[in-house]
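My questions all concern the structure below.
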Amino acid sequence: RSNRAKGTTVVTVGLVGDSDEEIWKTVQQVLDSENAGITIETKSFQDGICANRAQANGELDLTAFQHYAFLEQEISDNGYELSPIGETYICPLNLYSDKYTDVSQFQAGDQVAIPSNATNTGRALKVLDAAGLIQLADNTKENPTVDDIVANPSGIDIQLVDSPSIVNLLPDYAGGITNANFIVDAGRSVSDAVFQMNPDASDPALKPYVNIIVAQTSKKDDPTYQKVVDAYHSKAVADIITSSYDGTYVPAFSY
Amino acid sequence: MTILNSWFPNVAARFPEFIDSIIQTLVMVLVSGLISFVLATLFAVLLTLTANDGLTPNRAVFNVLDKLVNLLRSIPFIILAAALVPVTRAIAGTAIGTRGAIFPLVVGITPFFTRQIQSALAGVDRGLIEAAESLGMSVPRIVRRVYLREAVPSIIRVSVIATVSLIGLTAVVGIVGGGGLGDFAIRYGYQRYMLDATYATIIVLVVLIGIIEFVGRQLVELTEH
Amino acid sequence: MNQQSPAAVPETAAAQDARHESARANGIHIAGLTKTYIGDEGRKVALHDVDIDIAEGDVYGVIGLSGAGKSTLVRCINGLESYDKGSVTVRGHEVGDLSKKQLRDLRRGIGMIFQSFNLMPSRTAAGNVELALLDSDLTAAQRATRVSRLLDLVGLKDKADSYPSELSGGQKQRVAIARALANNPKVLLSDEATSALDPSTTKSILKLLRRLHDDLGLTIVIITHQMSVIKQICNRVAVIDHGTITEEGRTFDVFANPRTPLTQAFVATTSSLGKIDDLIADKSPLIALHPGQVLLRMRYISQEVSEALVSHISRTFGIDANIIVGDIDVIDDAPLGGLVVILDGAADRIEAAIDYLRNRNIGIEVLTA
Amino acid sequence: MNQQSPAAVPETAAAQDARHESARANGIHIAGLTKTYIGDEGRKVALHDVDIDIAEGDVYGVIGLSGAGKSTLVRCINGLESYDKGSVTVRGHEVGDLSKKQLRDLRRGIGMIFQSFNLMPSRTAAGNVELALLDSDLTAAQRATRVSRLLDLVGLKDKADSYPSELSGGQKQRVAIARALANNPKVLLSDEATSALDPSTTKSILKLLRRLHDDLGLTIVIITHQMSVIKQICNRVAVIDHGTITEEGRTFDVFANPRTPLTQAFVATTSSLGKIDDLIADKSPLIALHPGQVLLRMRYISQEVSEALVSHISRTFGIDANIIVGDIDVIDDAPLGGLVVILDGAADRIEAAIDYLRNRNIGIEVLTA
Amino acid sequence: MTILNSWFPNVAARFPEFIDSIIQTLVMVLVSGLISFVLATLFAVLLTLTANDGLTPNRAVFNVLDKLVNLLRSIPFIILAAALVPVTRAIAGTAIGTRGAIFPLVVGITPFFTRQIQSALAGVDRGLIEAAESLGMSVPRIVRRVYLREAVPSIIRVSVIATVSLIGLTAVVGIVGGGGLGDFAIRYGYQRYMLDATYATIIVLVVLIGIIEFVGRQLVELTEH
């Protein structure tokens, strides 16, 4: 997909979904303008589990789709030797509803859909906790599960659903929590959320959900990778993230 | 229960959910299986009758049905299920839960089922149809008394195959909020690496499919002479 | 001497023709029928310009070499096969022009026994017969009675609950016969309906058909390879060869005076009279002639002869007639067939005897051993 | 008079028995064979304690009612059907005890023609015949030559490239015959191999089998419903009824002196002599007797009679013998059958003639019309 | 190209990727289809021969194979594909990309394919097998010359069905980065709600399946007599 000029180093970057293709095009432009001799090749996966497994096996140089929480979960589950080498952005995870305009309107028995993959489940539970719909035993726990709910004052019924489907199915649920990229892709606005968590990368509560570029631990200091991270951490990329993505992402780096 | 606890700790921890998902799978398979069986039989009969060498050739009806079946078979099921959400909602009142899963499952399996029953009907000896014709039987009666009846063993065989495929599809609608065993396995086994959840699911599915195949075989034996 | 006119009960040719005329309107009339199959290897003309008139009440035999087009012919009669050209009228209806509904009604009055039986594997013998009755007005109990009567007629009472896969070839065929008769058809099309049956069962089935014919005026079209079947039951017969009718007429006439070589060959096989040729070829000691002996084949070729011929020449001409093979059958109540004899005696007496026979309208052939 | 011993070429019973003894080791020997089918409706004993000895070079006929167990019997011979009890030895091997490999080798030497043909739908007529040759040492070219020779033998040269679905019933049957003969088998099992064939084709097929038998010593087991086939080709015949052998012996003996009612009925159907009973029942004018006339059935019941009987009684006793039906056939080179005659003359002369015939070892029966 | 641009803007924007994914689908279907055809035929023959009423009954072999087929059919494909990753890598050298997709696809479709071919073989008239036995043919030769050969039209029919199902599976292996049209549709159509991507995919798949069915029908006509 990218021009593979002779004598350049090819870096394969594993992505999940295709939302980030604009960003990586810009990273390539930055690298080209620096004559870095690096060609980025992106490889899209449908889900992160396979992408990580591929990288752990050396089939990808870098990945850029997950946040700290997911990576840590994956490492603890699978013993991968992977390390973050740079932060990228934070993707807001908010509560949306077609039915209600305010959190207070949720009633007992209302079904609320949250992402089914493990770390986003945890993150969504924290959103519900912050919205006051449920109460977690410890809202700083890394990956809380439904078992960590100690109180459910609103009486909502939590359903785990595949993230991309949640937007589609919003009319059938009282509410749903999903990543901003799905909301934007579906032609909605992030600001429609009935409850938002402030997407501030410096908020320690949100730190685990900052997305990162990941390399194999043994190669985390590879200068080529560092050049890629540096190119990502440029103004051009930051501009693209803020301008083209309509609030989907908030840059989590300084340039 | 102790074996369950020690061998399948994660399943034991969410045992009611596991049982629920089994029931959901059974309900989805049963309801959508029955509906699509009826539809598939209807379509297969229509295709058989209106084909060029059928009893009442009708190029238009045949082509429309034939193409429609192909169209539906060509759409990856997850995409189909997602695309059907508005229709599902209109028909079933909701697009989620076991109830919302029925319609996409029916749409997903019927084309395949139709082709299977169609080939079961094609297996009915031409001579038998001629014998019925020579008795002056009308087309609907030939369908009922010869085509469907003589194809019973084959229809049972393909129904087993279609049911097993249907179980596969329930795993996919589970993702879209249908629940069921496949969803259970994907959420816990695949996404959370609880291998015991995967194994428990597979065991239940193997038993389920084993039962279906066993019942199918018995029925075939009973109906084949 | 026992000179009698056989006309008392058997119809004369004229009477039969007259009845035909009146029954013609209700019979089966085929004119200029042509049928071509289009297969992988091109076109195959199965029937070419076939004309046949079958009057109501006829028992009509169709014979011919294997592959001649017999099955195709009867399949055209009940509309199972479409045809390219010509006309097929059954009971006053042009088969090719009927609407589906009309064709169904017509078929209800036509029973068909298929060469390959075509029994429903999922139904028992009784179920297969009952199938023909499902669209009648009969109640279930009436149907059951009728089914068991029919199975009884074909000798399969004890096999009522057996499935076709558990029946022998002949048992299957008899179920097919019972099914074809179930609906009290006016016309019966029978494609080799007795080919898998032993002689006794064949005989009883033919008796049954004959009775149905006599009692109910059933019109029967019989395809068969068994000349004995034709002889026993058919009043008319057609010979079909490579898709065309080469010979047609009253059974007696066709068997007595076969015109084409094919029919002659067929007739020869039915009679041991032809065997003499084999014996001659084999130089059998049975027909080794002493000097002065003559080997003679005598045939009845007209329906009116019935005399003590051998006695007569033996006494009148003082010669011996040793019957080597004989085949005199009774068809249409007249003797048909002949004898092969060795005549022994003085040459002039033999000569005279042969002349006498020739004058008696007997077909005479002097064979050379 | 033409008194001859037919022993010159036809074997005497003693000679045949002697040959049997020597050929026995290579023949087919069935002893105490019992076979039960277990179906949906319980057990069905298809064969019960069957003993049959078929010597090498025999052409052995098996007849019986439909469903008697004939197909089952031959299927036991080449091991297609297992049996419950008893022994089946073919060419010295106990079929039930053979290893798979040995059974295959045995089967290569046994050709089988199935009642239902069992042709491969995916292969042409030629392909079906070639199938039998694929495991031989022949090259493709040699196979092709042999296949076209075989198809020619059964009269299907022009149908070599037709698929079974494009063949008529009789054409299929002939392909099956060619296939069964392809491998130069030592034994041929034929289950109704001519049932779908017209008389001429049947005759030529039987001639072919006869030639193979004479030239190559082929042992043939023929199941058939056509008594004419038995008469024409079989030297021995067994009658099977409800799974047991009720009669067995040389064809001439069985046909001349059928012992059981079943066999009698079978034999009767082959001969028009039985027809007289129908004529009597129908009160046919053909046999209306004048005062003083006697209706007489004469049968040849021993192999040694060949005389000018009718001439003799006509002249010696001065009576008329009008032959109503006659059926004198030649089996095993001896005349078999008889005549039905109306004797006309003085009562005492008729009496004397009948006595004369009785003394000549002729089966005599006075019928009452 | 203008129609493409105006009706399918998102596809036009990533046209080379779209073409790539078509090629990937074709490669996946072709390669894994061929491999699983061979395997399925092998298994189906073994099952047919070792069954109770087969030519060489063998309860042990039959039961093991039969249960294995059921086991594999009962595992939802997505779980199966994930579980197979280590094996895939050992066999194919990689677990991702089109190359890495082949093995899971083969494992995924072979059980289904096996059952289909098994039922095609069951359709071969018992009498034909007996005719071959009576010619003294050995079991391997009966398999080749009668079972397989006479079942050719049925095998083609079920192969068409299996191939279409295989196309469905390629959409799911997209998950392991296998690429292909289904993956394209899921990533853009399902995950990013670009309806035109879904439609374009469906159109290509309909055409593809249409071609497969057409070729299948022609072959059946050619081989059925």
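To keep things simple, chains are lettered A, B, C, D and E as they appear, and every chain counts its residues starting from 1.
In this section, a residue touches a chain if its C-beta (ideal position, glycine included) is under 8 Å from a C-beta of that chain, and two chains touch if they have at least 3 such contacts.
Keep in mind that this is a model prediction, so the values were computed, not measured.
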item: Chains in simultaneous contact with chain B and chain E; value: A
item: Chain B reached from chain A - shortest hop count over touching chains; value: 1
item: Inter-chain centre distance, chain C versus chain E - centres from mean C-alpha coordinates, in Å; value: 57
item: Chain A and chain D, separation of their C-alpha mean positions in angstrom; value: 90
item: Where chain D touches two or more other chains, by residue; value: 40, 116, 163, 166
item: Shared-contact residues (touching 2 or more other chains) in chain E; value: 82, 186, 190, 225
item: Junction residues of chain A - those touching two or more other chains; value: 49, 164
item: Pairwise chain contacts, counting only pairs that touch as defined; value: A-B, A-E, B-C, B-E, C-D, D-E
item: Touching residues on chain A, where the partner in the complex is chain E; value: 1, 14, 17-19, 43-47, 49-51, 53-54, 57, 59-60, 164, 167, 182, 185-187
item: Interfacial residue positions of chain B with respect to chain E in the complex; value: 67, 70-71, 73-79, 82-83, 112, 115-116, 119, 123, 157-158, 161, 164-165, 167-168, 171-172, 182, 185-186, 189-190, 198, 201-202, 205-206, 208-210, 213
item: Parts of chain D lying in touch with chain E, wherever the complex brings them together; value: 78, 80, 100, 104-110, 112, 114, 116, 118-123, 131-132, 134-135, 163-166, 179, 183
item: Residues of chain A that touch chain B when the two form their complex; value: 49, 77-78, 111, 113, 116-118, 147, 159-162, 164-165, 168-169, 171-173
item: Chain C - residues contacting chain D, complex; value: 1-2, 4, 6, 8-9, 37, 39-41, 44, 63-68, 71, 115-116, 159, 161-163, 166-171, 173-174, 192, 195-203, 225-228, 262, 265-266, 269-270, 272, 275, 279, 282, 284-286, 288, 290, 293, 306-312, 314-315, 318-330, 333-335, 337, 339, 342, 344
